[in-house]
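Would you mind keeping the following structure in view while I ask a few things?
Chain nomenclature is as follows: A, B, C and D, assigned in order of appearance, with residue numbering initiated at 1 for each chain independently.
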Amino acid sequence: MMSQKTLVMGVIGADVHAIGNKILEYAFKQAGFKVVNLGVMVSQEEYIKAAIETAADAILVSSLYGHGEMDCRGLREKCDEAGLENIPLYVGGNLVVGKTPFEEVEKKFKEMGFQRVYPPGTPPEVTIADLKKDLGVDG
Amino acid sequence: MMSQKTLVMGVIGADVHAIGNKILEYAFKQAGFKVVNLGVMVSQEEYIKAAIETAADAILVSSLYGHGEMDCRGLREKCDEAGLENIPLYVGGNLVVGKTPFEEVEKKFKEMGFQRVYPPGTPPEVTIADLKKDLGVDG
Amino acid sequence: MELKNKKLDENIFKQIQREVLQQWPTGKDVNFDDAVNYHKSIPAKKVFSNQLKKAKQKGDTLIQPRAGVALVNEHIQLLHYLEQQGEADLLPTTIDSYTRQNRYQEAENGIIESKNAGRSLLNGFPAVNHGVELCRKVNEAVNTPVQVRHGTPDARLLAEITIAGGFTAFEGGGISYNIPYAKNVSLEKTIYDWQYVDRLIGIYEEAGVSINREPFGPLTGTLVPPCISHSVAIIESLLAAEQGVKNITVGYGQCGNLLQDVAAIRTLELLTEEYLEKYGYTDIVVTTVLHQWMGGFPQDEAKAFGVISWGAAVAALAGATKVIVKTPREAMGVPTKEANAEGLKATKQLVTMLADQRMPLTHELENEMNIIIAETRSIVDKIFELGEGDAAVGAIRAFEAGVIDVPFAPSKYNAGEILPARDNYGAVRLLDCGNLPFSKEIIDFHREKIEERARYEKRNVSFQMVIDDIYAIGKGRLVGRPR
Amino acid sequence: MELKNKKLDENIFKQIQREVLQQWPTGKDVNFDDAVNYHKSIPAKKVFSNQLKKAKQKGDTLIQPRAGVALVNEHIQLLHYLEQQGEADLLPTTIDSYTRQNRYQEAENGIIESKNAGRSLLNGFPAVNHGVELCRKVNEAVNTPVQVRHGTPDARLLAEITIAGGFTAFEGGGISYNIPYAKNVSLEKTIYDWQYVDRLIGIYEEAGVSINREPFGPLTGTLVPPCISHSVAIIESLLAAEQGVKNITVGYGQCGNLLQDVAAIRTLELLTEEYLEKYGYTDIVVTTVLHQWMGGFPQDEAKAFGVISWGAAVAALAGATKVIVKTPREAMGVPTKEANAEGLKATKQLVTMLADQRMPLTHELENEMNIIIAETRSIVDKIFELGEGDAAVGAIRAFEAGVIDVPFAPSKYNAGEILPARDNYGAVRLLDCGNLPFSKEIIDFHREKIEERARYEKRNVSFQMVIDDIYAIGKGRLVGRPR
C-alpha cells in the first residue's frame, strides 16, 4: 500500500471554469491521492492556507480564462515566505490569452517558480504519472 | 448598334470541364458577341482553324484541369505562323496544378503570348468588359 | 430589501443609481437624457432590437461572434475585421474577467500592462474603465449593431456605462450570470442587481429607446439539458419583462443531437412566448439564439471547423434567429481576428446555404418537443408554486431545493445534484434527476434512455459515462463510448 | 463485335488482353498468377472489399480523399500524410488526365517535366507509365486499402497494371467514365471496354481475390438529379455483376438538400440491390458512397470548410458506407497534402460525432424516396424495354433517345435536353424533363416544384435560374436567388 499524498488544487483568480477542476479531482482521487479541492476563484492566500493546514505535498493551480500570467505572479515567493519552500507547484490549463507557442508559456511559468507546466488538453493520466514520480509514489 | 464581333472559344487539351464553357458561351451571346464554341478537349490546331474560318476577333482558351501550362505552350507561335499575328489570346480557369500566387501564373502565361489571363472564379462580366474594351466595342 | 418580482420603485432605483455611478470614476459621465438623444440618432440598421425583429419576420439566421481586447483602437480594428472580413451580421463586445468581477483596479492594471506588452493581457474589453465616450467611439466605428457580452454577476455599472455608450443589446441575467459565473454570490443579490439592469433598460424603453436583452442560454456549456436552460430563460424573461424590457432573445447551447437541438430551439421560443403571455406581458418580441457547441473543443482546427459547421447547420435547420459562433482556435485560447473571421465565414456559408431548408415537424421531433415542454413546465410551474406566485422568490427557493439545478456549476447556491449524460443517440438525458420536480413518467424515460446506452456499451450506468461524454467532442465523438 | 450484356468469352478476353498489354511497354510486366499470389498476401485490413463490408455491417461511414501526384516517392509521401495526419480510412490514387486519355507519351513528358521542375506538373499519378512494380511499392508503403480513381474511358491497360500492382479497388464504368469525361467516344466502345475491366475483376474474383468496383456516381457533379445517377449506377452494377464482379459501391454526389440527399443514399442502396436480385445476381455486396458537393466551390477556405462539413454530416445522417472528401482548396487547384488532410479531419470529426444519429424515416423523407424510386424505375425499366431485355443495348439506345440524359455533359452521345434547377427548398428538380420516360404525374410534380420557386422569386421559369444555381454555392447559397 502506498502512503497517501495530499494535493491542494483549485482554479486561480477570477476564473470560474469548473468542469476541468471537477474532473481532475475525480481523477486524482481515483489515482489514490488525498485531494483538497478549493474549487474555482481561488486566491493565492487560500492555496497557501490550505496547503499549510493539510500539510500538502503539492499545489496544483489551474487557470483557463487567460489571466493566468497575472494571477500566478508571486505565488512561489508567497509560498516560500509562508515556509512552503519545498512544495512543488504545478500549473495547467489555457495559461495565457491567445495561442502562444507552448515553449514560451512554459518558460514564463517556470521562471515564475512552477515545477511543471501543462498545455491545454493534457489528459489527467499524464499529470498523475508526473505526480507519482515527483512525489515518490510507486505507480 | 454595335458591329458584331466573333469569338472562338473552347477548353484546351484533354480537359473535359464543360460547365464553365457552357455558361461563358451563354454570357458572351447575351452580351452581343457571335460565339463559335468548340466545346471541351480542343487542340491548338482546332482553335486556329476555327479562327481563320470565321475570321474571329479573339480566341478564348479555358483550362481547368491543371495541365494548362503544358497545353497552351506554343499556341501564340502557331497562330502567328498561321497568319493570326494580331488576334488577341485570352486564357482563364484553373491554369496550373495547385494553388500558385496568381501573379506568377499571369506572368507565365503573358510570356507565352496571352494578352489577358484570368484567375479562378472570374465572373463573365469582367471578361466581357475587357473584350469590349480590347475589341473596340462600345458597351 | 425584500426581493419580489415587481417593477423597482423609482426612488429606490434613483438611490441605487447614485451609488452605482460612484463605483468607478467613469460613472460620473453617464447622463440619461443625453444617452437617450444619442440612441435616437443611431441609424435603425445599427439597432439590435430592430435587426432581430426583422430577421425573425424574414426567417433569417444572423451570425454573431464573441470578441473583445483590452485597448480601444485594437478593439475597433477587431470589430471592423469581423464585420468586413468575417461578414458578421451582429457584433459583440466581450468584457474581460476582472471587470466581470467588478475588479476595476485590476482591469486598469491590465490596460496598462497591455499597452506596455503591445498585446492584450485581458481576455476582453474593460468597458467600465474606458467609459462612455470611448464606448461611443467603438459603436460609431462600425456599421453593425453591437452587444455587450460578459458574465457579470453585478453588471449595474457596466450596463449604465455601456448603454449610455451606445451599445444596443446587453447579455446576462440574475441567474444565468450568477450560477455559471460565480462561486459565493447569492441569488437574492444577483437577481436584485439584475432587476436594476432590467429596470434601466425599461426606462430606456419608456423613453423610446429599445435595448435588446439576452439571458445567457448555455449556462455552464456542458451537458446542460434543454429543460434546465429553458427554465432559466423563461424565468429571466419574466423578470426582465416585469421591469419593462420589450425585446428579448432567449438562448440555448447546442447539445449535438440534431432532433434534440431543433426541438430545443422551437420549444424555447414557444414556451417563452407562452409564459410571457400567461403572466400578462403581451407586447414582447421574443427571438432565439443557438450557441454553437459550448463545451470543450477539439484542439485540431480542421476538426473544430467540423464542430462549428455542425452548429451552423443546426441553427439554420432549427430556424434560430441568430447563432453565436465559435472559432477554430476555441480549444487553444482567445482567437486572433483571422481565426474568429474563419469561424464566421464557415457559419455564414451554412446558414445561407441552408436558409431554405427547415427540419420537418416529424413524429420524432414532436416527441422530443413534448418531452422538453413537459419537463420545462414541471420546473417552471414548481418555481411559481414555491414562490407562491412570485417568479423571483420561487427561483431562489427552487435553486435551494434543487428543483432547478445546473450541471457542473461553480456556485454554492446551486444544488449540483443532477447528473447529465448522453443517451445512445447523443441526446443529453439525466443519469440522475436529483430533485427536479419530474413526474415518474419523465424520470423513467430518462432512466430507460441511459440504460439503453449502458446495455449497448455493455457497462453499468456510472459517473464514468459523464466524464467520457465531457471529453467526447474533443476526441471526435458525441457519445463518450468506453475505449 | 455485337455488344450484349453477356459474360465476355474467354478467348475474346485473351485476345484483347494481348493487344492491351502491348499498348505501353509496362504492360509486359503484368502476370496474372503472380498478381493473384501477391493479392493473397495482402493483409485483410488493406483490402477494400473487406473494409467496406465490415463498415456496412457496423454502420460506419468511412472517409476517403482524392489525391495523386506525378512521381512515386512524392505520391507515397502524400498517401502517408493523408493516412496518418488526415486519418483517412481509405486511400485513393487519382490518375492524371493524360493517362485517362491513354496519352502515355504526354504523361511520360509530364513525369520528366515534374522531375525537372521539382513539383508535380501532372494532375494525378500516371500509373501506367510507372508500371506494376512501382504500383506495388505504393501499396506496400501504406497501411490502408488504396483505390484507383480516374475518369478513363478506356481503362483496360490501367486496370491490368494497377490491379496487378496491388490496388484493391477500381473506380469507373462504361457510362460514368464516358459521358462526363469524353467528347467523341461512343458508348458502344466504352461499355465494351469496361466489360473487359469488369471481366478482369471477375477473373480475379474467381481466383479468390475480391476487387471492389465503384461506378462513378456524381457524373458531371453539377445539378444531377438522383434518378439520373441512380439509373447509371444500377445499369453499371448489372453490367459489372454479369462479368463476375461481387463487391460494388454505388455512388451519389451530394445535391445539398438534406431530405433529398438522405433519400438518395437510401434508395440507391435499395434499388441497386433490388435490380441485381431481380436479374439474378444474388451474391453481390452493395455499399454506398456519398461524394461531398461536386460542383463549383467557394474560393474562401473557411466557407469551403462549411460545405465540406455539411457533406460529412449528410453522409453520416444518411448512413453512407463511405464519403469522398473535398478540400478547402477545391476552388483553387489540386490541394496540398495539408489542405487535403484538413478536409479529411473536418469530415472525420463529423462522421464520428454523428455516428449514432440517423435521419428518421419521416413522411417527408418517404415521399422524397418514393419520387426517386418511381423516377429511377421508369428510366431503368425503359432501358430494359429499349434493349429488349439487354441492359447494355438498352443503355446505348436510351442515351440516343434521351431517355437517360446527363446535365451539362461534354459527350456528344448524350442528348443534353434535360435542364435541372433547384426547387424552393434547394432540392434538384427538372425545369425541363427532356425525353425522360416519366409519367405525367412526375412531370407535373417537377413543373409545380419549379413554378413554386418562380412564384416565390417573382420571376419566370428560365435558364437564368439554372445559371444562378450553378454559381450559388460558390456565393454561399444553395438556391440561386435573383440578385
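Convention: contacts are C-beta pairs under 8 Å (C-beta built on N, C-alpha and C of every residue); 3 or more make two chains touch, one makes a residue touch a chain.
Note that the structure is predicted; figures quoted are calculated from it, not measured.
Without chain D, contacts among the remaining chains split them into A, C | B. Chains that touch both chain A and chain B are absent from this assembly.
Once the centre of each chain is set as its mean CA position, chain B and chain C turn out to be 54 Å apart.
In whole angstrom, the spacing between the mean C-alpha positions of chain A and chain C is 30. With centres set at the average Cα position, the gap from chain C to chain D is 45 Å. Viewed as a contact network, the protein chains form an open path, each link joining two chains that touch. Chain pairs that touch one another are A-C, B-D, C-D. By the touch criterion given at the top, residues 97-98, 100-101, 103, 106, 109-110, 113, 119-123, 151, 180-184, 220, 222, 295-296, 299, 329, 331-336, 408-410, 463, 467, 470, 474 of chain D touch chain B in their complex. Residues 256-259, 298, 300-310, 312-313, 317, 341-350, 352-357, 360, 362-364, 424-426, 473, 476-479 of chain C are the ones touching chain D in the complex.
Contact residues on chain B toward chain D in their complex (touch as defined above): 13-16, 18-19, 22-23, 26, 39-41, 65-67, 69-70, 94, 96-100, 120-121.
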